[in-house]
Amino acid sequence: MAATILSGPTSRPVLRRLVRFAVSLVVLVLASFAMIHLIPGDPVRASLGPAAPIELVEARTAALGLDQPILTQLTTYVSGLLSGDMGTSFLTGEPVSEVIAARLPNTLALALLATVIALLAAIPLGMWAAVRTENGRHRGTEAAFGTATGTVVAVPEFLYAIALVTVFAITLRAFPPAGKDGLESYVLPVLALAIGPIGMIARIARVETLRVLGTDYVRLARAKRLPAGRLYLRHVLPNTLTATLTLGGLLLSSLIAGSVLVEYVFAWPGLGLKIVEAITQKDYPVAQGVILVYGAIVLLVNLLVDVVLSLSDPTSAIKES
Amino acid sequence: MLRTPSAIAGTVLVGLMVVLAVIGPPIWGDQADLIDAGAILQGSSAAHPLGTDNLGRDLLARVLVAGRFSLLLALAAALIGAVAGVVLGALPSVLPTRLARLVTGAVNALVAFPGLLLAMFTAVVAGLGARGAVLGIGVAIAPGFARLTQTLAASVAGADYVSAARMLGVPRRRILVRHVLPNIAEPLILNLTQALGGALLGLAGMSFLGLGVQPPSYDWGRLLFDGFGRIYVTPVVAIGPAVAVALAGIGFNLLGDTLARRAARTTVPGKKATTSVAADTDKPDEGAVLEVKDLTVTFPGGVTPVRQLSLSVRPGEIVGVVGESGSGKSLTAAAIGGLVPYPGTVGYGRLRLCGKDVTELSRKELGTSLAMVFQDPMASLNPALKVGGQLAEVAVVHQGATRAEARGRAVDRLGHVHLPEPDKQAKKHPHELSGGMRQRAVIAMGLMGTPRLIIADEPTTALDVTVQRQILRLLREVTEETGSAALFISHDIAVVGELCDRVVVMYAGRVVEELPVDRLATGAAHPYTRALITSLPDMDTDRTLPLASIPGRQPGPAEVGDGCAFAPRCALATDRCSTERPLLSVYGDAHQVACWEAK
Amino acid sequence: MKIKDLTVRFGAFTAVDSVTLEVPPGRIVGLVGESGSGKSSLAKAVSGLVPYSGSITGASRVQMVFQDPYASLDPRMKIGESVAEGLLRLPGQARVAEVARLLDLVSLPAEVAGRYPRELSGGQRQRVAIARALGAEPDLLVADEITSALDVSVQGSVLNLVRSLRDRLGLPILFISHNLAVVRYVCDEVAVMHGGRIVEHGPTLEVVSEPADPYTRMLLESVPRLRR
């Protein structure tokens, strides 16, 4: 697979993206390393509190290697990362890598489900709105669509989460209010994550569809008097997919980190809940590790989207150069 | 601007937020801080509609008071983000190339990062509390601003007027101040409205996670944090801050949308178009492939680009419609093809295709007997589909052919338009073909059916002259071979003169002259036609004389008056010309002209 | 102005391939070619808008007029301000007078200075662009497809203006166009470009009546003519 990617006519852009990914990854690692050092004052003291005995602070500092020269610390950090060692939690003493390994799948499951549901619901909705409001027809629909999506987009996911918990879990007792326990526990968190993106993607799908509807090839297809189904599915939809794919990728990467608040509301055992705990309790190694993993996943998803796009649409590779 | 419900809602909500920020603390401040040990952790009651907190303070009052702090924090974060972003975005245009690319790359990488992640990172470094959260959200907002600034600045910097200023030796700083900034300020300010909403929600989120505002200060997010802990027992305590955050978010977003739309929209739709048309009285011409009588295309607001236009095309004939931009020639073609965009309305006394009224024609008949070719061959083929598949479609949909038959026919037709190796071309995507080849493929698409009429709207305007010549030859060949007629629309009277049998000259939505092509060069009777011909330089123009040109300009489709539309620019015009419109009348053999002075 | 061995590259693509060309004083040299022939890249190189290798001598103050009259004037600046941008060396009062003189030179009334570009027709905007260029007292004017976005009925007046500027000011002009008939009418000499190279160069009437290069011949045969 890798060989075919690198040998085709698209190899140059793909290669360039790989390089960009590698550079970003290095920057990310450096940033996560720098995080502890950027904290003003002594992070260990800050973490343990002013009342902690000086011996404990010194012992903890030594254990973390914070008394070493900065370059030694960096090499230790990077070589640790390469062997899967991300340090240990200040609070529990657990290895950070284990904490992340246990929680990452839960976060990914939420984000993926929400992305799929949002795309499936939003694209037909946006296309329908575009066809109905093409060339300024049905101004009522256009206004309603604009207001509805504008409103839906503007409410943050944690408010949806709180509202869903209040109505469906506390009042109606239809779904569990918190925790991860069986399929029904996914329903509310996934919904809370998906509602906003549905509004956003439906908007973009409408604009994209309108753009395609205005092209000469659609005029020509109409002049050929093709049936509506064929016109929209064969001539319009594929040409909106580039934008949709890009969006789906961006959405996925934003939901992976955006799920923090929703995980918090539903006490969902994912990375988000962990990072909030870690930050409030000043458990820096955990915060550092989780941010690094979040960032790496975002970079990876963006890389995948880019590569898939440049492979599926050869014209995009040409535009790039 | 207050036309749509979202505009009204947005303006009202943001207005309310501002009012609340001003009057909230002075009015409810004392009540919000009043500790009542007898009313701790209460639910909804008459005295405390939204309940009380753990010190017995009234939650409604606290929500109303917290508005100012929430908005101020959001404003600070949005400003930090905007300033940092604009600086980052503008830097590449003043830095040396390598550094500029570095900054651009960094911004591009940061834009892809979820804002909350950046905010949390910053908050960890800057410390928990309002200051860290504001900084964090500002950092999260900055990359978006930087990207927008870059994109806008790049588009302005690439504009011809900036190139012109650079060539004039205008200093860089002056170009930035006089050209770039004024042209990018509006979208940036617009973006600030939306960023303000985003900052408000982001800060609420941070405080809700306990990472933002810390007691004894409180914003809406902090109130929500406190209320959320009690939600299983007394859900009402979460309502106040939740609703406040939601309304503020909605308000800023809707207002931002409205402003963006207002900036983008230049024309306002006017009153509905009305079209009145004279009844069809005389007998239709059964022999014509296309017969148009009194065709009118109207848009709302009295805009009438095509006015009572009549023309007919006989089998095998190529009729050229020539006119300058704004003469209505392309809309005439669109109206005949049934492709006038909404809200345009088409009216006619008669519109017959292949001996039938267009309304009596089935989709199949229209789809196979009418072929269309547009100006831009790059845009006329669907980029997502292979060329062969697009051609085959007509045969599959309208002629009941199997896929294999349709494909075979598509390859055959591609060969017919002299595409080399048609079976190979059929398997390609449009972008792999040159402009001339694509235009051939579009013509081949029209030949999939049994075309009786080909409508070609400026089919060679986007092509080079040598390719234009080939396409013109192909059109001639195709009509001779299939017996199809053609309506050829062009702004170029020389091209029309070369290809067509008969020429229809349009001006301001009307036909001013119709004549056989061999009379065009020397026998034209309308002053406009004659002026068009003399103002066109060709390979025989006398180089010692100044080139003719027509003073003034063509009236717009809403400005056409009662008299002859050309009268204000016409050297022969009399008083009668400006008050009474000359009708198209017989001037000679197959020659009609609409002019009082053509005798 | 003399161009010697001028080459313009965009990455691996060579747009202009070691071109040598001279624009003598008081002459209009036409550059014709089809899309992708390199004529616009050559114009940009001469105007200093793209990097090149080779030498350009005798043209220290080059001004260029662009194809699209709707994009070449800042929509937020009055016509007078746009024209005055090339006159920053003059004090305020003299600048106003000079703007009026330049507008008069391109046959526009002085009150046009107070208007915005959107209030002007395409032909008028093209005149403004020419006036703005003249303000910098150029020793070469590059006209890149300046009439191809205009309607035929106003094209003539802009072409006449170009010829009269040569006659009145002795201004050398590099006139780029895809339209052979326009080039034939306006230019004293023609250079035909194809694939980044100049395939033929000579006095206009000679090139048009006795083309030596097969590509020039094909171009000439392709020019649409009214049947006479």
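Going in written order, the chains are labelled A, B and C, and every chain counts its residues from 1.
Basically, a residue touches a chain if its C-beta (ideal position, glycine included) is under 8 Å from a C-beta of that chain, and two chains touch if they have at least 3 such contacts.
Worth saying up front: this structure is predicted, and the values here are computed from it rather than measured.
Visitor: Using C-alpha centroids, which chain lies at the maximum separation from chain A?
Guide: Most distant chain from chain A: C.
Visitor: Point out which chain occupies the most central position, where each centre is the mean of Cα atoms.
Guide: Nearest to the common C-alpha centre lies chain B.
Visitor: Centroid from C-alpha atoms only, then distance chain B to chain C, rounded to Å. What do you get?
Guide: Chain B and chain C have C-alpha centres separated by 31 Å.
Visitor: How big is the gap, in whole Å, between where the Cα atoms of chain A centre and where those of chain C centre?
Guide: Each chain's C-alpha centroid was found; their separation is 52 Å.
Visitor: Spell out, as numbers or ranges, the residues of chain C touching 2 or more other chains.
Guide: none
Visitor: Considering the complex alone, what residue numbers of chain A touch chain B?
Guide: By the definition above, chain A touches chain B via 20, 23-24, 27, 31, 35, 38-40, 134-137, 139, 143-144, 146-147, 150-151, 153-156, 158-159, 162-163, 165-166, 170-171, 177, 215-227, 230, 234-235, 238-239, 241, 250, 253-254, 256-258, 260-261, 264-265, 275-276, 279-280, 284, 287, 291, 294-295, 298-299, 302, 314-315, 318.
Visitor: Which residues of chain B touch chain A in their complex?
Guide: It comes out as residues 4-6, 9-10, 105-106, 109, 112-114, 116-117, 120-121, 123-125, 127-128, 197, 201, 204-205, 208-211, 224, 228, 231-232, 235, 238, 242, 245-246, 249-254, 257, 269, 337-339, 341-343, 363-364, 366-367, 370-372, 374-376, 379-385, 393-394, 397-398, 429, 431, 442, 445.
Visitor: Considering the complex alone, what residue numbers of chain C touch chain B?
Guide: Against chain B, the touching part of chain C is residues 34-35, 47-49, 62-64, 66, 68, 71-77, 82, 85-86, 88, 121, 129, 132-133, 135-136, 151-157, 159-160, 163, 178, 180-182, 184-185, 208, 218-228.
Visitor: List the residues on chain B that touch chain C in their complex, please.
Guide: 159-161, 163-170, 174, 178-179, 182-183, 324-325, 464-466, 468-469, 472, 491-495, 497-498, 517-518, 520-522, 531-533, 535-541, 543, 546-550, 553-554
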